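Heads up: the structure comes next, in structure tokens.
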Amino acid sequence: MKLIVAIIRPEKLNEVLEALFRAEVRGLTISAAQGHGGETEQVETYRGTTVKMELSPKIRLDIGVSDHFVEPTVQAILSAARTGEVGDGKIFVLPVERVYRIRTGERDEAAVTPVA
Amino acid sequence: MKLIVAIIRPEKLNEVLEALFRAEVRGLTISAAQGHGGETEQVETYRGTTVKMELSPKIRLDIGVSDHFVEPTVQAILSAARTGEVGDGKIFVLPVERVYRIRTGERDEAAVTPVA
Amino acid sequence: MKLIVAIIRPEKLNEVLEALFRAEVRGLTISAAQGHGGETEQVETYRGTTVKMELSPKIRLDIGVSDHFVEPTVQAILSAARTGEVGDGKIFVLPVERVYRIRTGERDEAAVTPVA
Amino acid sequence: MSEGAVAWMLVATALVLLMTPALGFFYGGLVRSKNALNTMMMSFGAAAVVGLSWALIGYSLAFSSGLPIVGDFSHAFLRGVGLEPNGAIPHVLFMCFQGTFAIITAALISGALVERMRFGPYLLFLALWAVLIYAPIAHWVWGGGWLAELGALDFAGGTVVHINAGIAAVVGALVLGKRLDYGRQAILPHNIPLTLLGAMLLWLGWFGFNAGSALAANEIAGLAFANTMLAPMATGLVWMILDLLRDGKATAVGLATAIVVGLVAITPAAGFVSPLSAIALGALAAFPSYFALLWRARTRLDDSLDVFAAHGVGGLSGALLTGVFAQKSWNGVADGLLFGNPMQVVIQVVAILAVIAYTAIGTFVILRAIGLVTALRVSEKAERLGLDVAEHGEQAYTSGEGAVLLLPTGRGSEAGVRGEAALKRVGGSA
Amino acid sequence: MSEGAVAWMLVATALVLLMTPALGFFYGGLVRSKNALNTMMMSFGAAAVVGLSWALIGYSLAFSSGLPIVGDFSHAFLRGVGLEPNGAIPHVLFMCFQGTFAIITAALISGALVERMRFGPYLLFLALWAVLIYAPIAHWVWGGGWLAELGALDFAGGTVVHINAGIAAVVGALVLGKRLDYGRQAILPHNIPLTLLGAMLLWLGWFGFNAGSALAANEIAGLAFANTMLAPMATGLVWMILDLLRDGKATAVGLATAIVVGLVAITPAAGFVSPLSAIALGALAAFPSYFALLWRARTRLDDSLDVFAAHGVGGLSGALLTGVFAQKSWNGVADGLLFGNPMQVVIQVVAILAVIAYTAIGTFVILRAIGLVTALRVSEKAERLGLDVAEHGEQAYTSGEGAVLLLPTGRGSEAGVRGEAALKRVGGSA
Amino acid sequence: MSEGAVAWMLVATALVLLMTPALGFFYGGLVRSKNALNTMMMSFGAAAVVGLSWALIGYSLAFSSGLPIVGDFSHAFLRGVGLEPNGAIPHVLFMCFQGTFAIITAALISGALVERMRFGPYLLFLALWAVLIYAPIAHWVWGGGWLAELGALDFAGGTVVHINAGIAAVVGALVLGKRLDYGRQAILPHNIPLTLLGAMLLWLGWFGFNAGSALAANEIAGLAFANTMLAPMATGLVWMILDLLRDGKATAVGLATAIVVGLVAITPAAGFVSPLSAIALGALAAFPSYFALLWRARTRLDDSLDVFAAHGVGGLSGALLTGVFAQKSWNGVADGLLFGNPMQVVIQVVAILAVIAYTAIGTFVILRAIGLVTALRVSEKAERLGLDVAEHGEQAYTSGEGAVLLLPTGRGSEAGVRGEAALKRVGGSA
């Protein structure tokens, strides 16, 4: 079992979801985030105050998958989230020791296999 | 040391916190998230545009615990967060190599033992 | 490769970013979070309803680093995020199996080395 | 007809109409964000249905001569409501001005019904309530009915509007039952600036409400204006002091509430008391409502946004204190207790009791009757999900993440793609 | 000069001016948050540039005698616009009142241009449009021009304001082209309470718009007021029913839209029809706009906030129905089809076609001309980033996280520190 | 008494009162969200305390005859303020109209005190300031005092309101000291739409402020209205151009600020200059305030929301330019420099200096005096936490997550449960 954590551009979310669903990945959790990397920083001005925004909006995806699903999931994200410009984001693959489905208490493989 | 990542329904947060506190788990971090799984998708309409909302609001909990606390923590979440309907969420248990308490610089066990 | 997850006070974010940039850490992702620990809880009143707020606002940082960067990163956060008062937060160091840079598809070390 | 009066009453009517959506913001800020739109729609929707039921029938029942207890149908469907003067203004404008009162009164009730009532039955309830409950009571007091005969003083609607709505709210809360989460979870206001916005606009509108009730641009309008300005200031100050005494913190929701309470209390008195009395009245009115609010939250009565404590109790304080502070030397109409006429208090009590009794029973009957035909409450699932999505298919605030276009044929086929993927779905991750 | 008229027209003018920023909120709530400020600025900015171009030239072209098709420059730069009466009010106030109409009409167009037009060219476009398109049309109908001669009825701007803006919006959307995401992603309103706020204030302002168009505080103002109150209620109710029939959910954006559509439709009719006709007119006007909205969303025409469906179609319905419901016994001016004068409908059609033709061609020419000099659209990158940051260097909602002070010399040297760090950057994590 | 005047002044008074909560939104949007409610409360609270202190004492000090430098107590506690005419309107309405000016002036100062001042001492400060500083100055200029004698022109409050508040703000900022984060972190506006909302409503209210200062519904009201409409448009346009020249981006906060600056600048001139002059005056007034804003942000003066640059400098520009552009042929009162009366500028300078001196010293003394009795600033901890929670026990925006009900006895015992758990707490995770 792995947890795939991906940081992507917000405007790519729909395409990434699309690609994941095509890859049969049907469970995931996302959250709003802000990232810093090589992106050019925006300068904003509020009255006399000029500021540089060091963080750009990103979306974080957390996807728990069984081992043989790691590769297709990563590939789906890599291809759907890419624009080729600096700032496309990263994917991290983390080891997971256990997974539970809260509804049933099922563990591991069973916990991430869709019900229907 | 483990990091327990749980995705739950927002309306269950209070009960889960309650259960965790009963289980002596007194440190945790939560954040807002949105999840996709087997839930029925809401259809919304904005003027001529009809959309299907593929994501439902969820809460993510991150709880760092020492090893013998994993089981009670998982059990507390499993029982408090369950409704039995699709969409109750998942729990992931991740291995952690080190933990620090920022205030003191203490490491590992010491870092997650409450001060009193 | 490690993923460093740090929970800090929101008002310390700027200092932490500063310290990280000094430590040559130039890629990271943050998100808004709320934490519970030993902090004193705020009491708020809305008309007849009095509530205790069990969660205080925090910022979560996720930083993927190559192994020899773990120590300087942790030290940078520890020193910049500390106030010495309860509630300064925690740092978790998680193992990572793989990292990808979405823009190029590069893996692992290459994925977290800044481009120029 | 007087041009000055017309000028003022055009404005006053617009201002009172503004109060109803303003109330939507006041209430909307106090609920959870998942019910924000529904709560606002309860006010915006009220404008539509009550406005129409008033124009078509309610106005006639309230303001045609008829009987002491109710008007007749002589003005139904706006018959005979034309450009001819009614007092100093065109009849049609008078009808509109009165209509705005019906609308806001009905909308006030929604504060006790939020976060759980179905929207369709709610609209039906309001349309009926405005005709069957509000119109007769308006007739009693302002339409030449029996309370007018009796000499009850109600300048702009302490009994007709506020006590009436406050009692109907209690009945509504009881008939509907409490929210699932009430008393079990903290239900916090999601956006207090919206509530402050509502309070600000309510105050603005209230100048139309009270000073407009002079139906002319004259001294009495000026007096009512001054009282409408000063009373809520006094209520606000006392409320902040009570808050500070209680736990050292003057709350914003508290001040917004206090302003409304002060406005409610001065409503029946606005053209009848001196400005100094208005300050006293506003200050006094803070106490009963303040403690009613604290008390209510400990009961099982889920009058969700405290319509009773603010409008019912505030209206009661105001109606009684009108009987105390009224001063013939200012209003040319009647003196109150303090100025040697204790009977006025008795008359006020009669008016109050009559309104309470009629609206309590009537509201109960209407709600139960609708409840026989269709469910009043949303399902538990909808309540949990929030009424914005469940009843209106919208969210107040969206970021658009994870929203997939449906339907728009001829442009891409995302919908199709997803359908396909769903069919092919055989294993994987969930 | 009449004091009552002055009193009312002061208020009415302020209320109509309020409509433009109110429109900014209405529109601003409907776009994505990354374009919220830009959308609001399109209205606030319109007030500045159109207000000035109107005062300096537009007013003269519209309201000096001149030719049947356009006025002359006799009032340019406010020459001869002083304190002397113009009708019942000071000339300078009349100029202001008319100016607020020019402003809101121009601002309405922005709804078709949002989320992609450069701000500078937009302001230039509005300034020119107000002078070259709006002013002549206003002259035709209200400035003693040929449509006035012909007997076209347009009480407060069905043709001059709404059809005009609706058609210009379509042209604008076509010239600009659709948004990158249009039809490919769901573009959802980011803050519907803002839209409701806008709708509420638009309604308030519209009383100034319609009842103010009586230019006096008299019966006709009262009639226009009543109609402006009742028509949108009827539209709102019908719209909610249509929504409920479609998918069981009455939407808040729908009701807000319906109120605007009802107001648009009653605009040309406000002082010409009876209140009961206003209710009928409002109810009828819901249908074409409702279905136009549904239909538009399936086309490739990115009239982003449906200016055409709401104002164009609503204005059409209103202008035609004015020809149907007009009633001399109420307005003293002319009867419509229902009251024995079918010719009125024909005249209305002529007026509508003339306005459509002129504004369509004129708007196209102006936009293309500006497009020759400078780009009308922002870059793709700016469109993706959002126009708030790209065009205004601001975000509507910020938490301040990750913002580093620049420039403020003499106070710390964070900027310096970062610069240094950047230079030293040699390896590490990115 | 004139009905038309009463009609207009009822509205004008309501509109000016609206400006104070509107200011709360303007300011509230500019602070960080953790201080949003406190900032709004500074305006809402001002309405309560200043309104009362004005009615009870301030009005008498300002508008009873008394001495050239201050009135007497003959109208204290509203004695002799009744329904009799004062000019064209009831005396009590005149008192209210003037009261709204006192309120907004005091509230303006809060912009320099936000995010760090304790709420109780703030309210006390305002109550004293309104009576001791505002009332005498109002007496000098409008109450028949020495500046009126001297012939100083201040139509609606350039000196009395804006310079006065601007200088008091600087003093307040200096006495309080700067915010902990000032100059060290970027402090960004949390919600610019709220600021735009405030700007819109301030503009609306300002029509009451300026055109209401004619105290009648006549030509001068019309003139003041037109100038109040045109001047801020010119300021806004110039400001956007300056913004574009600076870094290519016209900001929304900038336009909102510009509108206020233009309104401030036209305030003293509104009924004294021609509309064309108003446009020129508005355009000119943009420059000093624009650069004052840029300059201030680089200093150590934490006039947090730039009350000085907007109101102080804007008021100065306006008061001086009134002496330049005043035109007897329009106002029937006095000519300015451009029309052959250079002395008017000198008189204006005297008025300006007198106001600056008195308010600077007086404000300093009041604040220091209060500071002797109790702390003016919140603790560092409270400042970090945000004043909403620290001073008001509320948050502007809540989701309700992690909130646990306390107290409501008789309903579940969550509080109890938690208490228990706390006692049992022996090890585990933290």
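Note that the chains take the letters A, B, C, D, E and F in the order they are written out, and that residue 1 is the start of every chain.
Please note the rule applied: a residue touches a chain if its C-beta (ideal position, glycine included) is under 8 Å from a C-beta of that chain, and two chains touch if they have at least 3 such contacts.
What you are looking at is a predicted structure, and each value in this text was computed from that prediction instead of being measured.
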More contacts between chains, C-F or B-F: B-F
Determine whether chain B and chain C, two copies of the same sequence, contact each other through the same residue numbers or different ones, counting it as same when over half of the numbers at the interface appear on both sides. different
For chain A versus chain B, what separation do you get between their C-alpha means, in angstrom? 17
Just give me the whole-number Å value for how far the CA centre of chain C lies from that of chain D. 48
Whole-Å separation of chain centres (CA-atom averages), chain A against chain E: 42
Pull out every residue in chain B that's touching 2 or more other chains. 14, 17, 26-28, 30-32, 34, 36-38, 43-46, 48-49, 51, 54-55, 64, 94-95, 112, 114-115
Junction residues of chain F, two or more chains touched: 2-5, 7-8, 11, 185-189, 191, 197, 217, 247, 249, 251, 253, 297-298, 393-395, 399, 401-405, 407-408, 414, 430
Would you identify the shape of the chain contact graph, picking one of line, ring, star, complete or other? complete
Give every residue of chain C touching chain F within the complex, in rising order. 11, 14, 34, 36-38, 42-46, 48-55
Complex contacts: residues of chain E adjacent to chain D: 2-5, 7-8, 11, 15, 32-33, 183-193, 196-197, 199-200, 203-204, 207, 211, 216-223, 225-226, 229-230, 232-234, 236-237, 240, 244, 247, 249-253, 255-256, 259, 274-276, 279, 297-298, 300, 330
Would you mind writing out the residues of chain D in touch with chain C in their complex? 186-189, 247, 249, 251, 253-254, 257, 293-298, 306
Any idea which chain B residues touch chain C in the complex? 3, 17, 26-32, 62, 64, 94-103, 105, 111-112, 114-115
With touch defined as at the start, can you tell me which chain F residues reach chain D in the complex? 1-8, 10-11, 13-14, 17-18, 21-22, 24-25, 28, 36-37, 40-41, 44-45, 47-49, 51-52, 55, 77-78, 81-83, 89-90, 92-93, 95-96, 99, 119-120, 123, 191, 194, 197, 217, 388, 391-400, 403-405, 407-412, 414
